[in-house]
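Each remark here refers to the structure printed beneath this line.
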Amino acid sequence: MTEPPEHQAAEFAAALAPDGAPAAPERPGPDSVSAHVVEFKRRGVHWEAHVPPAQVVAAARWFAEKGFALDTLTGVDWIAQGEMEVVYDFFHPHTFWRAAVRTRVPRDHPELPTVSEVFPGANWHEREAHEFFGLRFTGHPHLTPLLLPEDADFHPLRKDYAP
Amino acid sequence: MKTPLRELWTGFRSLLTGMRVTLTQFFKPPVTVPYPYATLPIPERYRGHIELVRDPETGMSLCVACKSCEKACPSGCIVVEGIKREGDKKKSPTVFTVDFTRCSLCGSCVEVCPTEALRFSRRYNLAGTDREAYFLDLLKRLQAQAASTPTPATKA
Amino acid sequence: MTLPEPYRLAAFVLGALAFVGLNAAYLVWVERKGAARFQRRPGPTEVGPEGLLQPIADAIKLLSKQVIVPPGADALLFRLAPAVVMAPALMTFAVLPFGAHLTARPMSVGLLLAVAFGSINVMAILLGGWASRNKYAIISAARVVSQNVAYEIPLLLVVITLLMITGTLDLSEIVRQQAGGFWRWNVFKLWVNPLMPVTFVIFFICLLAETNRAPFDMAEAESELVAGAFTEYAGMGFGVFFMAEYANIVVGCALATALFLGGWQSPFGIGSGVGWFLLKLYLLIFTVVWIRWTFPRTQFYGLLNLSWKILIPISLGTLGLTSVLLKFIRP
Amino acid sequence: MSTSAALADAARAAARAEGRETFVLNLGPQHPATHGVLRLKLTMDGEYIARAEPVCGYIHRMHEKMGENRTWAQFLPNTSRIDYLSAMHYTHAYVAAVERAAQLEVPRRAEFVRVITSELNRISSHLVWFGAFLLDLGGFTPLLYAFDDREKILDLLERITGARLTYCYYRFGGLYNDVDAEFLRGARDFVRYLRPRLDMYRELVTENIIFRKRLEGIGVADAELCRRYGATGPVLRGAGVAYDVRRAEPYAVYPELDFKIPTHPRGDSLARYLVRMEEMEQSLRIIEQALDLIPEGPFRSKVPKVLKLPPGDTCFAVEAARGRFMVRIVSDGRDIPYRVKLRTPSFSNLSLFEEASRGMLLADALAFLGSLDLVIPDIDR
């Protein structure tokens, strides 16, 4: 994994969208795969990708095969657009590349598959995202609150959360 | 036969070395300070709770009640009210309170103050039995200081 | 030194009780002061000069606490355990030779009695741990039993080695044999067995293990098992376990002094007396404290490995060596 | 029945099928070995652990939500309170993330001071860990020695920051205030003071046979396990991977300084211990060089009074004492953060515990837990 980020991005896009979807960095559609290089000095990652929610497991598998480690995953509540963004951060322990994968799910139906099969470390991160945002990771073995009380049914990081 | 014996000896020697180290420490004087009887000097920049600075000339507060500190405070624990008195060029505070129970001692208020009217006090042994003791009225504190110490140069 | 028997008995019972009580209390002080100095702290300073009244304050605190028997615990055994742990230590004092004529009950089988009573305290800890109905306590109790079984063997092997040299079980007699200067102490009897110092080290290690002292404090293991077998004990129940630990240390160190370090004998051959015994005893106790505040705790299986794989083979070796040397060198 | 209970039942059933009986041991949240309020639900088979489930959240404070309710600058005091032992690094990451997003310049003097204070903070954090770890292993005295040394660092940092633990010293574009010559001299003296102390620790602890026997081969977390769980810091370096954010994503003036990334390949508790001990030596080297190179000049650049960041995401990672700490900030163009994500190292480092501790003895598992160097507020945030 010593290739420069543009190669990695291209390879990633090709692997996830074999039918040759455009790797256009401009505002990607919700169901398309795209990957592009970003300026590390400004963003703190070398390249970013956007995948549809159904393909996050495939994306995670691609990163796992390349030897990346899952840094973290987190949600962002875009209440104005009625969407929830889930950002997966990866780092490579040997070649030091950083990559982020984004996906968006509708806010009223925030469901996406779990990547804890690929990265067991995602288990806790997904539990955290679940309790904070109400994201549902289908197939997760143990989707209960991690940091909040075990009976918590509220999601504090949702923008419409009022205590 | 040789190696296990040597291992045994190295292990045993490592224990003796450890005992030597602690014994050397045993004969050295204690490093602690017996707190209530002796205290360490408080450093110059020590961040205690905030207090008002007196104008060396007038003996009044330097505060102009601009509320910068109130706005900068992350915990919202400062309340400032001020009026412009007759004949004064600038406003002066009528209320200046700190809810020290919520203060996180970050120093943002001291940092933003345009007239350098705030500083950190050097009170450190802050323990009390009731909450009310830590709703600090800084104007009162300033008056008390003025009454007890005639020169503003003396420390709090 | 010829008091009528009942008075003699009363004097020694009182003496032993006072000695044990004072020792247990002030060894706590010594331990705390010692630990403090090893750690560059002053230690207790508040109660009395140099904190000398601290043990009394501790005792008052412990006595004023409620004795709680946890629900579901075996109340009888739970209450019995502190007594069982204290009694054998007290009994052993009967045979300790403090001076040439300062023994409560000189016995021809004194050493045997000391060793026999010395191993009862494991039963007390087992009782206490089991009766507490606490998971930590039970784990601790199980550990203590296997630990004590493992260390009883090298301890006895070492004692047998010594017995072959002395030829007697009478502790006073053993000390008497070591008169005439430090080169005649058993630990330095290199012509009988060049490995005598090693034997002493093994004895000392076993002593630490038998009294559950650090680095073998599996029974308490506060960072793993909270307070081990004593987790559920409050107030003086805990205090008695605590005192018993120190009483056992005194007994162990006194035995080591008598067996290896010449008891009341002066190292220069003249001026022997009880002072020498106490000096050696407290030096050994200081070493016990010193070791506790120097080393981390051993791993549990490491402790068993040490016993079964190192100490027992070596003590068997010294036993064999001594018997061979005794057979061929001294007719 | 919750999934957790189901899993515990499964572990129990598996044990019973093999003719063994299990019980549940509740370790914490108030237990001497968990250093704070971590709880481990252990399904035990005798003294062996069948399953260890960490239960977190006892000191959860929702820093991330707090971030959404205050201005960029007002979040600063929170950053020192996530991992209270390496407050400098955490503030550094947040401050630098904002600087990166707003493209603020930081004066060179400030960068050097950041490096010096961060490394001092790293040493103090490692010293606390060292003492607490030995305490876990039943050795009490090293803790007091370590705290004595740490006290000297705290005195130094208190001199310049006014606080001993929650420094809140870095500001956007620089520092809260400048360091004085006394501090620089004190730091140099400290470097000279600590070296022989580290030698003493080697003699007292590192070479001690009891200590080594307790740690060798215990709690192996190899490189692959670390990768799958995202473990970083000394845990990853103890598995032989030379991953250090100071190298991987260079920040401040670290590229100008010469230091080694200590690694040990075995991945056991001893390897992690050795990595941290060597890291302290490397930190001393860094401090020494930074003290030689520190220029005169301003300590803070001009920053707009009301800071508004351009919309978009920005990440910044630093090497905190426990590993990779990353801040991901999302701005929507206002003066208030839209989202602040704190990626804390202890969180990932603890998550591997469940898998790695299976089948371990209780005492070994606690040694392993201690060698992970957890700070509970860092997990719970």
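For clarity, chains are labelled A, B, C and D in written order, and residue numbers in each chain start from 1.
Keep in mind that, in the parts below, a contact is a pair of C-beta atoms (placed from the backbone, for glycine too) under 8 Å apart; a residue touches a chain by one contact, two chains touch by 3 or more.
This one's a predicted model, so the numbers in the text were calculated from it and none came from an experiment.
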Chain separated most widely from chain D, comparing mean CA positions: C
Chains most often in contact, by C-beta pairs: A-D
Core chain by centroid distance, with centroids computed from Cα atoms only: D
Whole-Å gap between the CA centroids of chain B and chain C: 51
Whole-Å separation of chain centres (CA-atom averages), chain A against chain C: 63
Distance from chain D to chain B - Cα centre to Cα centre, in angstrom: 26
Chain centre separation in whole Å, for chain B relative to chain A (CA means): 44
Multi-chain contact residues (two or more partners), chain B: 15, 18, 21-22, 25, 31
Sites on chain C at which at least two other chains make contact: 38-41, 293-295
Residues of chain A touching at least two other chains: none
Every chain pair in contact, whichever chains are involved: A-D, B-C, B-D, C-D
Parts of chain A lying in touch with chain D, wherever the complex brings them together: 40-45, 64, 67-72, 74, 76-77, 87, 89, 91, 93-94, 96, 98, 100, 119-121, 123-124, 132, 141-150, 156-157
In the complex, chain D residues that touch chain B: 70, 73-78, 81, 141, 145, 148, 155, 158-163, 166, 168, 171, 176-177, 200, 203-205, 207-210
Residue numbers on chain D that touch chain A, as the complex places them: 2-4, 7, 56-57, 60, 62, 64-65, 68, 97, 100-101, 103, 223, 226-231, 236, 241, 243, 247-249, 312-317, 324, 326, 328, 330, 338-339, 341, 343, 347-348, 351-352, 355, 380-381
Chain B residues touching chain C - in the complex, by the definition given at the top: 8, 15, 18-19, 21-23, 25-26, 28-32, 34
Chain D contact footprint on chain C (complex, rising order): 35, 38-41, 135-136, 139, 142-143, 214-215, 217, 221-224, 226, 293-302
